[in-house]
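In structure tokens below, several structures.
Here come two complexes built around subunit A, the first alongside subunit B, the second alongside subunit C.
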Partner chain A sequence: MAEVILEVKHLCEDSEMRAVDDMSYTVKKGECVAIIGESGSGKSVSALSLLKLIPYPPGVIKSGEVLFKSRDLMKLSNAELEEIRGNEISMIFQEPSTALNPVMSIGAQIEENILRHGAVEDKNLSPEQRETYKGMSIPQRARARAAELLALMDIPNPETRLRDYPFQFSGGMQQRAMIAMAMACNPDILIADEPTTALDVTVQAQVLEQMNRLRERFGTALIIITHNLGIVARYADSVKIVYGGKIVEDGDVVQVFRHPHHPYTIGLINAVPRLDLPPSRASRPIWPKSRPIPVPFPSGAGTQRKNAGRSARFSQRWSPVTPAPASTSRRP
Partner chain B sequence: MSENKDVFLSNLDNIMTVRDLKMHFPITRGLLKRTVGVKAVDGVSFNIKRGQTLGIVGESGSGKTTVGNCLIRRLTPTSGDIVFEGTDLRDIDKKTMRRMRRTVQMITQDPFASLDPRFTVGDCIAEGLRIHHMISGKEAIEERVGHMLEMVGLRRDAASRYPHEFSGGQRQRISIARSIALQPSFIVCDEIVSALDVSIQAQIIALMMKLQEELGLTYVFIGHDLSVVRFISQNVAVMYLGKIMELTNSDELYDHPLHPYTQALISAAPIPDPIVDRARERILLKGEIPSPIDPPKGCNFCTRCPYADDRCREEEPAFVDVGGDHFVACHRVTGK
Partner chain C sequence: MAKYALKRILLLIPTIFLVCLIVFVLMRSIPGDAVDAIVTRMTKSGQTVDAEAVRVRLGLDKPWYEQFVIWLGQVCRGDLGDSFFQFQSVGDILWRQLPISLELGIITLILSNLISIPLGLFCAAKQDSIPDYTIRIIAVILMSIPMFWIATLILFYPAQWWGYAPPVVYVSFWKDPIQNLKMFLVPGILGALTQAGMQLRFVRTQVLDTLRQDYVRTAYSKGIKQKTVLFRHAFRNAMIPVITIIGGSVGALVGGNMILENIFNIPGIGTQMVTALGQRDYPVVQGCVLVMTVFVMLVNLIVDLAYKWIDPRVKFD
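This part shows the complex of A and B:
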């Protein structure tokens, strides 16, 4: 059994609304964990909370621990966290075009991360790397390492492309540059928040395949946050289904997809049309009646009032799963 | 292609016949400001049977939305015929055009942009009814609007509220109500579920299928998600760089995809079942879709095709029927 690398215990994020409500899970070394949920379910907030990236105010991490290398990330200062962010735990965001700095070249942005964490200093290099970078200054090494990373992501002519600006890259290449940046310091954990939502299917397949290859090669654990059940089925080892800020189902990927227990999971799996089943024979879509939206609390409300509000909210949300009306059957 | 032309026009069950549709946009390039045409749609032919759904699937830049815009005549095509209910949309007078605007509707992707924020939902739906003088009288219109809202699964009192009070899925329902209020026979659905969550997607697709059955509508369903498009459509056209690569019924498309691009597209779309998906053969395409400003010579797909040879890089493959209404444009399939 692989060693547990990240342990999240009873994480709660709170502001006007409780977006993350008592989430606990573990991530093993080199494992691919998928967090699935629809918009408003709290999946992204839960991932951002791991590195305390939630803007404060209004976001507050109310309680919970995130244990990484026997340290609680929630108790670290900002300066200590900055040593971890982008170095031991890095993150990829959904929109590469907004996540990249438009006025810095791609190379400068990758090198920034490498230099910030001293990834090319002698003490951080493996013996082979020390051989390769022999006699080079630190900026030269950073440039060489950046080119190496772009080449790893299958970007042609990496040395030339380093001088390009984000607008000269296509969406898929931008996302690959983001991954190169995130992988620059050989992180233990890579958090990918909807990494391929903005990409075309064929490009999505390329990018995911590359991410998976890197995970296998470097033993990086991958936390992938998505609403796309297909990519989860393809790559994930374990799956967490998030609804209304809570993990409603957690298990091995085959177990969750083949034998789902929670009505929401069943609804979600049935809601996705399957390419391999002829539509006429495909199961009819079944879906939860209402959408999981955390209800805002009135500001300044005391704990008591919040708890009262919450119980009402949950009963309201958990409407039974209703099958589609018979008239939705396909084709006359 | 010429021998197919007559086949396309012969069938009377077809509500719409499109033949060799081209839409080129002029742009100026370079120091000399030379004008070149971006071939957004370059010779597309298909027909749509009454009461059925034609799916158009493709990546961004494939021209699928441009085709949709040409079908409703929001764009005037550069060349080609679009015959709708026996009339060629390319040369009709203003009055016929106005009538046509009622029977041919479009629903777009972004339910936030397509509804006027200063109109109440009721006004949005009633606007078309007033323009086309379909019914008169405040009460009659109100009654009709209420009925439309109920048909799409919303409450009658939604009419007095504003679009911002509704979620994305509900707004998409309002857009649908607005379209069907005009009693159209033909609706172009351009990526209508792409911006929605999976559970809401399923609801909207079910609603569209219910309305099709009840009202006998014909759809052109444009999307990038092959599993969604295949689910709702009887026939699917796969577009790439302004051309249709393969066109056949949706079961045949999945069971016997002939074009290498279709095969790659099917392989790239993951199946939400870990055991089934991981056992599948994976075809990974290299690179990305080229810019339509500079399409490759020969077959449009030759830059990414794993089987491309010299002929593919020189000569453009014809779009031919290989039997059983299965059209494909590939030298490898059609041979010779």
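This part shows the complex of A and C:
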């Protein structure tokens, strides 16, 4: 078993609502972890919380630890976190068209990351890289490295494309530029927050294929947040199903997909249309209920009595199938 | 871009024509005219004048459209006509007084931007802190208090308390820069403060808006420091709408400071306009409006072209 590189323990995030409620999981070196859940289930917030990127105010990390290289990221100062962000743990986002600064050239945005973490300074280079970059100034090196990254992401004419602005790139190219930016410092972990949602299907496949190639080549652990089960089945090693801010099912991809236990997981898998079955059998019962709204359960004797029966049944049926500590009750 | 600029400059012509026509007609529909004023004045000084002769002499006996065509013809030859009262050509008057207004305008512009942009950025960076609230409240106060009232107080109280008043005799900047600035500084600051109050709040809103954008989060996810994010990522994007506001104020500066010019006795184009309007000095009013229109439109054109420089997405076609 590969060593554990990231360990999330009982992470809770509060804003107007509790979006992340007692999440725990581990990520191993070079592993691809998928976090699945519907919109609003807290999967994106949980990813942003890892690097404390949730908008503050109102978002607050209530409790929990995120252990990375034996340090708790939640206890680090802002300056220490800045050293890790983009360098050891980096992120890519859902909408590449809004996630890139429209008035800065692609090159400037990639180089910014390289220069920020000194990725092309002599002390951070491998011997062969030192040979390639010999006699170049730091900005020149950053430019060369940025072009190298774009080339790695299969963008043609990288040197000229560096001067382009995001609006001159197609959606798929923008996302690949984002990945190039995130990979600039060879991070240990790449968090991809719905990386393919805004892209069309063929481009999705290309982008994912490239991310996977990078993972295999550089040993970067990948945390993919998605609601696309196809992606998960193809690339992920392990999968975490998030529902109402909690991880309700956690396990190996094959095991979870073959034998889902939690009702939500079953509903989720049933929701994927099957082309290989006759229409009569292909339509299976899908997830009937709306998600639990992640607001604190109202207090007061009246509401408690009124909801007692429902919430008892609810918590009995919908409690996570992987062992997790009990938490506050909530509206079904 | 050159093609676009040329197209815009060509489009200036019909607009200017229309503005001139409207002003021309409006001026002549105001009750009382220059002839009455001249006759009254000369009669008072004991001369007898024939109103009809004056009317013919000024060319006001012809129907208005004929006057307009004649005036237009003159303008096309670069002659803005002569003032009815000042024994000077309108061209000379503008040449003398436009730079004065421009100087006041430029001082106001520089000061208001120097105040509003840094403070707006500061407020956005320290959102909802005590300094933020304080600056915002001051900004609202500056926006709401009428400028002419503060101007009057500033003329009145320092004079009473310390015997100080800003100079009231205009000296050219090239002759005596210090004396000149002494005269312009107080009205400049006053104009700037009013402008800055509004602009500061606008800058703050825009910066806050960009700070919530996805690309700012991306920048933070790269480990970029807050200050760098603010200046490199948020500021430039926030400036795109701010430039529009600044452009609008530049346009208003040449003619917009009539009140300040009058209060502080600055012989600029604003003062000139007010006097000319009172006297029904048609050629002067028409000349001033023409020059202001051209100026405002050119500034708008420059602002539109400046977008390209700040925002690469802008395309001209």
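As a convention for this text, the second predicted complex is superposed on the first by the 284 of 332 C-alpha atoms of A that agree within 3 Å, B and C clash if a C-alpha of one lies under 4 Å from a C-alpha of the other, contacts with A are read in each partner's own complex, and residues count from 1 in each chain.
Note that a contact is a pair of C-beta atoms (placed from the backbone, for glycine too) under 8 Å apart; a residue touches a chain by one contact, two chains touch by 3 or more.
Every value quoted in this text rests on a predicted model; they were computed, and no experiment measured them.
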Subunit A: partner with more touched residues, subunit B or subunit C: B
Touching partner for A:Asn101 - first (subunit B), second (subunit C), both, neither: second
Which superposed partner A:Val232 touches (first subunit B, second subunit C, both, neither): first
Which of subunit B and subunit C A:Ala205 touches, first, second, both or neither: first
Contacts of A:Asp276 with subunit B and subunit C, given as first, second, both or neither: first
Intersection of subunit A interface sets (partners subunit B, subunit C): none
Residue numbers on subunit B that touch subunit A, as the complex places them: 59-60, 167, 169, 197-203, 205-206, 209-210, 213-214, 224-228, 230-232, 234, 250-251, 254, 264-278, 282, 284-285, 288-289
Subunit A to subunit B touching residues, read off their complex: 38-39, 170, 172-173, 200-206, 209, 227-234, 236, 253-254, 257-258, 267-276, 278-279, 282, 285, 287-288, 291, 324-325, 327-328, 330-332
Contact set on subunit A toward subunit C in their complex: 51, 53, 55, 78, 81-87, 90-91, 93, 95, 98-105, 112-113, 116-117, 165, 167, 178, 181-182
Subunit C to subunit A touching residues, read off their complex: 212-215, 217-226, 232-233, 236-237, 240, 310-313
